[in-house]
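Input: structures, listed below.
Each of the next two complexes has chain A plus one other chain: chain B in the first, chain C in the second.
== the complex of A and B ==
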């Protein structure tokens, strides 16, 4: 089956030729300056792609044809062709790009530039920079509301979630959250925005209409000191019932019941877990574990870790082909 | 109908006044001593703006946040010359600034804090590492962002013990602050089970730190000074006065590593620190100040950021409100050290991890794994609550 898939790739066929349940995950390895390609059928690394320096934020284009990876120390976003798995282009991202978000149509890319407190707006088709938005100190987390009207950026030292109107490109609201906000995720029904605070140790739940924090998810793991609980990545199931929160050096992913905002389970994964991605069928959730240099595979329905895959050094971000 | 109209007008007014309102001004003073002391290593010679450069960056950071909250931070710097009265300078700063970052010797700091007691001014001790400022001489209007000698010594000691370098040859300088650091190191050895196999004193007989043929001489002196020592694992130097410490590495009679005031050094910050997002701040600092960031810069940055953190959480520039929040149980600040920093409520010392650096790299960060504590592992560094002699007044 694997060989068939490879042949498919070589002959330039669409990825859809692969077996229905096999997906391709791309993992950025911050220290090795590589991207690991994982086949979710065999759960093995099928290829390691050399990229620029300090790859972090990583995402597929909406059409599934390309993978974009922010290489911060080279001040650009590189574009990998998913067919040939070779770098084919780079985007004018602004200095030190870390995380980015794209609009639903896949035409506009918004990039957090940690070094100069801006969000850069890029036209993906023209490969041109459309402008910058001034935000707080050390912009990081980026997401777009399901209706496409609001861009969220979190700034790590300002400790805010900035609400940006995507048409006027103006900040319309700023919501203070706990220290070092790293990641933002909307519920699919748009009713809530979840923002993780790495140093604060919480996830703030924000009402996106009122721009108010309406609640917080807190974490407690017996035998573990509070400072080790550092929430970063958030994954929410499509039915908005369950959220998964990566807890960094706590080496666990918390399973949160979205309605009650309570943790129902802690799953032990690799060391310093940061980001995650669901397979499109939502059967599996893959997490990047920086210090143990591996990716954990969580069976979403069973809420169990079923597999660990060794990747490059300091795996950071992950994206899976749509 | 009329009520509805009035409501509308009221709303309109509120909106305009909110837009037009002048930003809340938050004045921060910086009080330091003029001139810099000379170091043995030319590359470690502090810049004239050591410390205040960190405060300046934090003011910028606070103002970036402040523009979303209609808050504006300003910095006013004063340097006192020898013979000048620190109290006068502090009082002048306190006229316009509710907060003062101080880089002063212990006695001067105490004078200032006592003189400002009647005012609401909050002082931040960014420079003095003396234990007594957090113990017998602690003050309710002084918050300490500088670590203490005991915290630095414990941070180093934990690592040396973890490394199984438990036999120490302690070499102490002849100045008072050298002796204080030696006291801290002795306490550390007792706490963590290291053994000081012998102590030697390096007498400061005067002399220049810059000479044209110094190396030849030092190369002969240091091996002789360190010979005939009992078996030891590591030479620990207490030389805050910069008289001999930096001469020791590679020149000891026995081939042994050096730690303490030279070799592996405990510090609150280092220009090589790049973990936990610190690279962003290091870049911002270099861009603003055209040099690298020192521990004193970091201690001043942290102090100004603590003020900014509290003004944004309380949405207020009121000194009393901000002070209460900083001293309260919900306060913490992020400072690129991998964990939140909080205050020890019994003496207002900021808890913080300590870096162990060799001048090029961060070798390790303490507290070390396995040094446990019931409240916070950061409290394995320095004097803990039950040992404290501080009574905040």
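== the complex of A and C ==
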């Protein structure tokens, strides 16, 4: 009896000693046609999965059971089982899918197809195509409003953020931003939409009700030419107080105070920093660095880079298990 | 044989055509698909303290100079180079910041110079290739004239077509080498950034 109690106590201790932040991150490597799996406890790559050609957009399903990865040159989205880490299915996208966005419930997936000016709508439960939205321009960045009613699609041909009503599947508004809009992100309270412009070198802040640009975040790094500062990925903390903006070949992530829209700090990460993802506890932010072929780990509270992890060639997207 | 010669000429012209195209009008001799970035700016790779006189003084320090040459050499594997940086900084307790600045200043100078050399070499080859392409084009036309002449001078046709085959082969080989060498500036960027990052982390 005593021994059993002791065994119970020991196993309890073992559980308590396990670190609280063991999450799993998946990184798409555009050039090596692989997905790297990172354990956020040991900060090491635990597995490299061979996928289709030119993997870019990548995201966990909301239940955390599967990882979807857009493999553009194979014209499909592959589905990886997170338990077995093997490809188990594919989703019917259009030609050359680059990235996608899913609604809050994780039931509907919107896929930006680079080649045919459409957004494909997919039912995630049935894994079937529901239809297409003709956006008329090459879709680039995509996001969905927190209420699921509006799909944002940015286009580098029009330099606009197009607002699409998800029920009518029609464009309801167009907002002009700076050159080559790349990525769009809503504040969690839906009051603002942030859109990064890679060539313009800015982030436009849009009032999503009035469809107007209400301000811009600008970047300046002494010693760097303006054209080397190319904003792409954006990550915002859940309290909407701090935003992180990846600046491409400036090799830095800007820390932005959301209220004042001013940069408070620049963090040197890796070469051509592209996209990013928070761990669910928001302790860490992971960025993909396309030219140095690695992932940087930022301690969010300390606003400091604490680790670098080598992955495959040309890491593009990243997603972390919920 | 005759159709073979025609094909050689056609291939030569096609290859010559691709070589002549420059992606960026500012650098007409730049032969790579990778964008030409003439120099790496310090701010792109360094967020540490100002280098100040370390930019000139690193050369006066024999130990630093030797380490810089070892770390900049492409034959030194990157992970080995990173390890050497860590060991060097760990071993310099009191003057760590000064040593780190000297080492980085040396690497920045040396690798930037290495990069410029590779890039001007590429542009030199690119100019040579353009001249070779012009020559191949001229000789292809000359060969066509010889072939349609009556009476036909078989010896001359033979000699010129052999020369053309030879020149086209050299042209194509160089073209392949250029594509390979185009990766080198990026490899140097990667090395400078990676070593700079290790140095900055070592200073903290």
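As a convention for this text, the second predicted complex is superposed on the first by the 301 of 322 C-alpha atoms of A that agree within 3 Å, B and C clash if a C-alpha of one lies under 4 Å from a C-alpha of the other, contacts with A are read in each partner's own complex, and residues count from 1 in each chain.
The rule is short, and it goes like this: contacts are C-beta pairs under 8 Å (C-beta built on N, C-alpha and C of every residue); 3 or more make two chains touch, one makes a residue touch a chain.
Please read all numbers here as calculations on a predicted model, not as lab measurements.
Trainee: Sticking to the clash and touch definitions up top, decide whether chain B and chain C on chain A clash or fit.
Mentor: The answer is clash.
Trainee: Which holds for A:75: it touches chain B only (first), chain C only (second), both, or neither?
Mentor: A:75 contacts neither chain B nor chain C.
Trainee: Quick check for you: in the superposed arrangement, does A:156 touch first (chain B), second (chain C), both or neither?
Mentor: Once the two structures are laid over each other on A, A:156 reaches chain B alone.
Trainee: Between chain B and chain C, whom does A:252 touch in the aligned arrangement: first, second, both, or neither?
Mentor: second
Trainee: Mind working out whether A:138 is in touch with chain B, chain C, both or neither, as first, second, both or neither?
Mentor: first
Trainee: Go through the superposed model and pick first if A:225 touches only chain B, second if only chain C, both, or neither.
Mentor: Once the two structures are laid over each other on A, A:225 reaches both partners.
Trainee: Using the superposition on chain A described above, determine whether A:201 touches chain B (first), chain C (second), both, or neither.
Mentor: In the superposition, A:201 contacts chain B only.
Trainee: Quick one: chain B or chain C, who's touching more of chain A?
Mentor: B
Trainee: Does chain B (first) or chain C (second) touch A:180, or do both, or does neither?
Mentor: After superposing on A, A:180 lies in contact with chain B but is clear of chain C.
Trainee: Going by the clash criterion at the top, which of the stretches 22-30, 58-66, 94-102 or 184-192 from chain C hits chain B after superposition?
Mentor: The overlap with chain B comes from chain C residues 22-30.
Trainee: Shared contact residues on chain A for chain B and chain C?
Mentor: Common interface on chain A, chain B vs chain C: 225, 249.
Trainee: Under the stated contact criterion, what part of chain A meets chain C in this complex?
Mentor: Per the touch definition, chain A meets chain C at residues 221-225, 228, 249-252, 266-268, 270-271, 291-293, 308.
Trainee: For chain A, which residues count as touching chain B in their complex?
Mentor: Touching chain B from chain A are residues 96, 114-115, 117, 136-138, 155-160, 162, 171, 174, 176, 179-180, 199-201, 225, 227, 249.
Trainee: Where on chain C does chain A make contact in their complex?
Mentor: Touch list, chain C to chain A: 41-47, 186, 189-190, 193-194, 197, 200.
Trainee: What residues on chain B touch chain A, complex-wise?
Mentor: Residues of chain B touching chain A: 61, 64-65, 68-69, 277, 280-281, 283-284, 305, 309, 312-313, 332-334, 338-340, 376-377.
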